[in-house]
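Below are two complexes that have chain A in common, paired first with chain B and then with chain C.
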Partner chain A sequence: MNSRIGYIAFNTFREAVRDRVLYNLIAFALLLSGAAILVGEISIDIERLVVVNLGLTAVSLFGVVIAIFIGIGLVSKEIDKRTLYTVLSRPVRRWEFVVGKFFGLTGTLVVNTLLMAIGVLLALLYVAHKFEKMDAWVLVALYFIVLQFLIVCALALFFSSFSTPLMSAVFTFALFVIGSLAEDLRGFARITQGVGGWMATAVAYLVPNFSALNVISQVAHGDAVSGRLILYNSVYALLYSAMAISGAVLIFQRRNLK
Partner chain B sequence: MAAIEILDLEKSYLVGFWRKRPKLALRPLRLTIEEGEVFGFLGPNGAGKTTTLKLLMGLVFPTAGTARILGLDMDDPRVKSQIGFLPEQPYFYDHLSARELLNYYGQLSGLPAKGRSARVEQMLERVGLSDSAGVQLRKFSKGMLQRLGLAQAVLHDPKLVFLDEPMSGLDPMGRREVRDLIQQLRSEGKTVFFSTHILSDAEALCDRVGVINQGELRGVGAVAELTAQTRGKIEIIFYAQRVPAGLTGLGVEARLSGDMVNAVLPEEQQDAALEVLRRDGLKLLSLTPVRSSLEEYYIQKLQPSEGRKEEDRKGVGA
Partner chain C sequence: MTATRRANLVAAAVLSFSMAGAIATLYAIDHTRRAAVAQQALYVRSSTVLRRMSLGYTGLLADIYWTRAVQYFGEQHHNGSSDYRLLAPLLEVTTELDPRLVPAYQFGANFLAPKPPSGAGQPGAALALMKYGIEHNPGQWRLYYNLGFLYYTELKDYAKAADAFAQGAKLPATNAFMPILAARMAQHAGEFDTARMLWRTTYESTKDPLIRDNAVQHLLALQVDEDVTRLEQVVENYREQTGRLPASMGDLERAAFIHGTPADPQGRPYKLMPDGRIEVQDPESIFFITKGLPPGAAPPQPPYKPPPESK
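Take a look at the complex of A and B:
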């Protein structure tokens, strides 16, 4: 990696940590430990299912909220506060700045997710008393959640490159919700005829397919995830976030910093 | 070689909600700053000083024109490693300490890891922030941030330094330190381009000044020439029906205006002139040192030209 991108990414990570973003882990830990104790008391044979479902859904939601609310301010906050002036007056290209900020936030989310993953696994151990082979799929689900974060961060960055923070948050969250229903949209498009069908197909394939990245229910039931899906999702998430980041860079390259 | 050659740089913004119309922030600007020169860019708030600096820094893009900095096109990435910039009322990452911030900027400026820390400490010492080096910037006062801003601008030993209102927000001691720093940069052979609306700073520091108003460069002059014209002169005003012969005999420039006489004379002739007034029984109204000709020059250049007045009446320009 270009060293300047690395420095900017590290500074972004350090800022998030010092701004107490990782404090969300406390809420997460409380939620999960409470749930694990409760489930241990009242459930019969579905402890694992409940803990995996609840734990991974919480990992996803906590991360998406962080990705959106930090992502929308990554560049716009630097413009508003004018911290950007003393960065861009150095040998730093605008694209390096955007990419560095993106890596900094995704790095923060990866660390956050790793710590949450430890919590989920500990809760699982608490209710099931031992790990089983099928628990390895929980790690795949966590990997897919990180891929979701990549796309959400990139979208938040893209929207914030031309819109206000509030509108960027609305757009990104709306796309996250719509994208979580992408498979349903594709099904709808298949059965719709004419211009409506054409438009539904366009929308269904344009929005990020978050439903393909959500295998929480599947792994909670102990079902395997195919290698093909892992490969497909990895390539898809990388390409989609690269496109969104490229869009953000293209807009930011031409932007006057008032 | 010229340090900065500004070639008809122009900037306009689109304003209005429904019907966008261009508003000129900077009229075509042509200006050359020589290497080793300290140049003051003078003008009231909103005159176009910051717009010019932002254009040169690549923070906003020109509508037309270009500039060459240290012999390179202003868009050339190599320019940035040779220049330093202090924005107006700088704001820095407040989660960092002064030491961390300078280290970060040193990394971005390409300072080699070996020697970077020593350079950071040296700069902190130079601006008097060594004792606060480990404190997070959210606890810094405005004056401390301004000093840190100066440190980051010269951290990587640039050949050319741009300072936007460097004395802004500083107490008299802080202003003195900034003046000393600029003098030091001059003695090191650096080129300094700074904007200000404080004339005494410009007079004390600059080789040349440019006056800008309403986005238009109104004039450029050498400070030494401008101040030499009026240094050590006083102005007296007194009631009289005609210019006293005794005053004319002293070789004083005097003019009658109604029933008052206005005379400008060298300080050393003050006593003799007052003696003439006393002898003739004339009533003195005022005695003041003559305004610095830089101030005179500045005020004169701020007046809109007839052509500009006409344009402004028609709604053209800023």
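Take a look at the complex of A and C:
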């Protein structure tokens, strides 16, 4: 990574921390410890399942919310505060600015996820008293969640490169919802004939497929995740993020900032 | 007092008052709308809709629905209600959201099948739930065990119970009791030893303290039922041999029909009644017994016990 991208990424991370983004960890810790202690009292035989399901769902949703709400402001905030002009007046190219912002935000989310992962594992240890072999799959689910963040960050940045923060949030969240239902959409495309079928298929393949990245229920039951899925999901997330970031760069390069 | 300090004090007072008032109002709303809140479960009973609404986070939603089912059953049981109409839909939604949630089948069938007040009195729904569970978890011997248990205890269909145990016994990971249960079910379904083996397997195959306690209660009740059956047979033998009923346990002991004074599992001696029947001293102290009760008395049921405070 070139040093200018590194500086922008680091500053984005520092700004997010200064904006108290990591405070969400307190809510997460309270949620998880509360669930770990309470669920044994109000339900039967699902303590481990709840810790994994609730823990990973919270990691995912907290991260998506952070990705959307920080991602949409990455460009507009710099324009509003006029700091973008200072940055671009130095030998920093526009694409470096966009890519640096992307890495800064994903870095923030990776750190956030790592801290949350420690929380999930501690809660798991509390309810099960020991780690089992199947708990290793929880780490794979966490890795998939990070891949999900890559895509969401890239999308938020893409929309924020040409739209207002509010509309960017709406577009990104809408794509997150549609992408979470991607398998239903593909099923719908399969049973639709003619032009409608073609269009549905095109949409189904263009929207991000978040459902393949969600293996939370699977790992909660201790089921293995295939190596092929790990490989394909990694490649898919990288390609999709690259696509969205490239789109953001293309738009931002042409944007009139005067 | 400065104006700022005065404003702070007023704001703090208003905050405290509003918070207390909001909590009190919510408490009143909860009590007013309890039935309405429970009814909502019927409106969202489509697992397909819920699956889409959950955006793929179905595991967590299934856990929430399972907890709701447990709470619903506990509350209705605690209130002595025989209306369990939401139980089956709640369990259906739970298991359709997460077909691998084995506890929902195991315990759900136990909630559904027994007659009120112990359960919902819906053995058909329990059977459907177990079959759905086995369809989606064919490698779980516990589900075959629960199915066999259901056929045995609630439906009294010993042939199907034997079949369920036999299928469970064939699985690579099974319990050592399964083939024995299958064999016993086929030949000795109504015997105490068979029932004892079933409850012992239940006790040994769960860590849940409430289920274990229930199994212990049933094992104690079986002991009483078996003792009473055996003692009444002894009384009958005495009558055939002497031409009269024994006046006391002492008569039986002197005639060498018994050794010592027989007592129930809690150490209370059994009572010999004038008509030759055997009764327990305190019928309310041993739950689920079907023998040794005063004429016309129903088998005593345990009171509702909430889950333990801590493990």
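Please note the rule applied: the second predicted complex is superposed on the first by the 254 of 258 C-alpha atoms of A that agree within 3 Å, B and C clash if a C-alpha of one lies under 4 Å from a C-alpha of the other, contacts with A are read in each partner's own complex, and residues count from 1 in each chain.
FYI, a contact is a pair of C-beta atoms (placed from the backbone, for glycine too) under 8 Å apart; a residue touches a chain by one contact, two chains touch by 3 or more.
A quick note: this is a predicted structure, and the numbers were derived from the prediction, not measured.
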Chain B and chain C placed together on chain A: clash or fit? fit
Review point. Who does A:Val39 touch here: chain B (first), chain C (second), both, or neither?
Key: second
By the touch definition at the top of the document, which applies to A:Leu121: first (chain B), second (chain C), both, or neither?
neither
Should A:Ile151 be classified as contacting the first partner (chain B), the second (chain C), both, or neither?
neither
- [ ] Return first, second, both or neither, reflecting whether A:Arg90 touches chain B, chain C, both chains, or no partner chain.
- [x] first
Note, angle between chain B and chain C viewed from the Cα centre of chain A, nearest 10 degrees, works out at 150
* Mind working out whether A:Val75 is in touch with chain B, chain C, both or neither, as first, second, both or neither? => neither
Worksheet item: So, A:Asn11: does it touch chain B (first), chain C (second), both, or neither?
Response: first
Q.
Is A:Asp19 touching anything from chain B or chain C once the two structures are fitted on A? First, second, both or neither.
A. first
When the two complexes are superposed, chain B comes to within a least CA distance of chain C, in Å, of 24
Shared chain A footprint, chain B vs chain C, residue numbers none
Touching chain A in the complex, chain B uses residues 13, 54, 57-61, 77-78, 80-81, 83-85, 87, 90-93, 95-96, 104-105, 107-110, 149, 152, 156, 162
Chain A contacts chain C in the complex at 39-46, 49-50, 52-54, 57, 60-61, 176-177, 180-181, 184, 210-211, 214, 216-217, 220-221
Residue positions on chain A within touch of chain B in the complex are 3-4, 7-8, 11, 14-15, 18-19, 81-93, 254, 256-258
So, in the complex, the side of chain C touching chain A is made of residues 52, 55-60, 62-63, 66-67, 70-71, 98, 100-101, 103, 106-107, 207-208, 210, 307, 309-311
